[in-house]
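Chains: A, B, C and D, in written order; residue numbering restarts at 1 for each.
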């Protein structure tokens, strides 16, 4: 079973039990993704003795490696989108049914929010606390636009032309993005959930909408460009 | 020979000499795994000049990379479980004979304990010393539950659906887990052996039972969920 | 579609629209490569609290991982050269038409220069500023000669004999080169573009010609040696 | 062409020109390996502001990544042994002709010594200087025995049963070994050459023989054990 057929997998399963399995896998994977992001942020900051570069290095390496493992693990079960924009893009292209995407997005959100609470609990923090981490302004929105544009363009292209390398490419890109962008969320479920942890990886609730707009615009721009760059290739 | 057939390999070898080979490979691999964990912990702490984040970074990268190499190397010989819970899970699913699992577990334990002594000796430490590193409490048990749940779920799924990517996924997950969990043992043989080194990677003997319980519960939960998520797929 | 056929891909597309697609992909990839180099350099330096090793570690890991993702992503569209010397080498060997190389080089340069401005903007820096980072002298030119020699020899060999491993090998080599050479540019488009950012990754404009000469000599030496080492193998 | 046939490649080429090509590739690769080890050691120490853990982290990551790239690149040309013990082991097993091994070893030594001079020159150091870095004593010899035992066992096994994963496994193992052993040379050509640089990676000439003995014993032990563990499998 290659990665492409996996991305379509949910759409092929018509019975309720199969969709349920996909949703559980999708929620589970998104929960572990947030555990990786938030957990490694907390431990990184705690151990780095004030050196933010060290904390971010741990955060980036841990998230990139975990994302790779999660995609390899769960792609055969749900496609391993873990990201509403990926599900919506695949629905736009007709790879999954719109109805499936409509179930995936809440499963991703629920998984993300649960993951934050679990990460906080593992490190003796209250499960939820609103973040006070300011992340706003045009340069951060540009950053969020660019990183999402790249991610959606990459998934669009690789899911068609390089399915077996998709997990490694996406994980390397997101891990690298911790450093080459000022933001590296690229995922509305992640952005929303990170508002609920007042730790290294948090984002002020009031700053979330700006990120969601920038991410959506980046995804739309990728859709327009890559519809032309990778045409008729199915 | 793919990874799946490798996992079953020991069961296919009926003669004594084949089982003996598997047991040597399994013990050897677990010994090198502990050498990697304990050795890189010692050197990391020694060189990091008090910065725990740096020590843990070295510990995580070295263990993850070594684990990848060990699985690739020894999976064709023994399946490269290196972990009693993996052997028991495969026996539960009928992939290996219960008798084989019964031999694997002591081989893993012996390898793990020998690895600790070799690591300590390489760095001029006494071969065995009881650890004084406190690791206990509900948040650590939750952490150990979650990381083991993920590991067993991943092995269950990948050994069936993604055998060739199993080594990379498991190594990335365990390497990342040094940061996204507070514990990252996920392995009773490792937990037991680490009680015998009073260095960076140690765990107080009195804290081991709590870890063993949390790991076992995590593995059982994964068994129940993934029996439903990945059914009838052989 | 394997990596070899991808490298020839542009040459096979005779119509204008296909060439246009290749050029957009090539420019886009080179832009993201510079975003990765310059962006991670800025953030690394900003967060490292004066420790240059930490900044360079972030810079090297981020660039290597991003380069891997970019090659996997865009190789099916343009060959993912991102480097005028790679395009010229492939034209010399007859893998792509000279006319295609003549279009690729300006696309790479435009992408590189745009990437620098985007990276600077993401971090609230002026889009362009001439670098004051001195990089000159015989030891740096030797370094630049050696790293380019290796890169061109590697692309020459792997594109013929190991196409599917090319992305990983090149990314690992360039990421490692941040540390094992004193320079690690190996790419005239990168060298030129880096003159326009007065940040961690910059190079004084007056030092660029020395780098270009060293890179060109390294590429020529690789061409001569590998034409003999890997002959008649197509 | 898979990695196994590559390891035998030199033996299949009977004409002088083919052997010459293999020797050039083997020397070139060993030179770049030493450039990576020594160069990243120098730059790591220079930039790490006295923090040895940071210098070793750069050294380990750079060497591991470079080794991966070099094996992928040059294995189709010479087998990419870069290590006299690997060549001798393959000759023992009959994979290459003894005569080929007899040419490979001096090519590796010459490459290693040239690599040290090039690395030193890139960083404005004298090309050769005897090292004053003490590396001796039973614990270091044990370390060197264990790391070589693992390397030779891994090459023995993977070259037969997992040829396509050999490059990644060996590179991960050696990179990890910088941390989990106290030494991580595992290669007589590397040990000898490192005596000629008075930098981070050096070894006192008087300490080299101890390393050579430990490495040879480790290789012999691996030969004995793995001849039994991986029998009749060709």
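Basically, contacts are C-beta pairs under 8 Å (C-beta built on N, C-alpha and C of every residue); 3 or more make two chains touch, one makes a residue touch a chain.
On a predicted model such as this, the values are computed, not experimentally measured, just so you know.
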Please indicate which chain is farthest from chain B, where distance is taken between mean Cα coordinates of the chains.
-> C
Can we say the copies chain B and chain D touch using the same residue numbers, with more than half in common, or are the two sides different?
-> different
Can you check how far apart chain A and chain D are, centre to centre, with Cα atoms defining each centre and the answer in Å?
-> 40
Between chain A and chain B, tell me the centre distance in angstrom, where each centre is the average of that chain's C-alpha atoms.
-> 28
Residue numbers in chain D touching two or more further chains are 51, 54, 57, 61, 64
What are all the chain pairs that meet the touch criterion?
-> A-B, A-C, B-D, C-D
If you look only at chain B, which of its residues touch chain A in the complex?
-> 50-54, 56-57, 60-61, 64, 137, 139-140, 142-143, 146, 150, 153-154, 157-158, 161-162, 165, 168-170, 172-173, 175-182, 225, 228-230
In the complex formed with chain C, which residues of chain D make contact?
-> 1, 21, 24-25, 28, 32, 35-37, 39-40, 43-44, 47-49, 51, 54-55, 57-59, 61-66, 68-69, 72-77, 118-119, 121-124, 167, 171
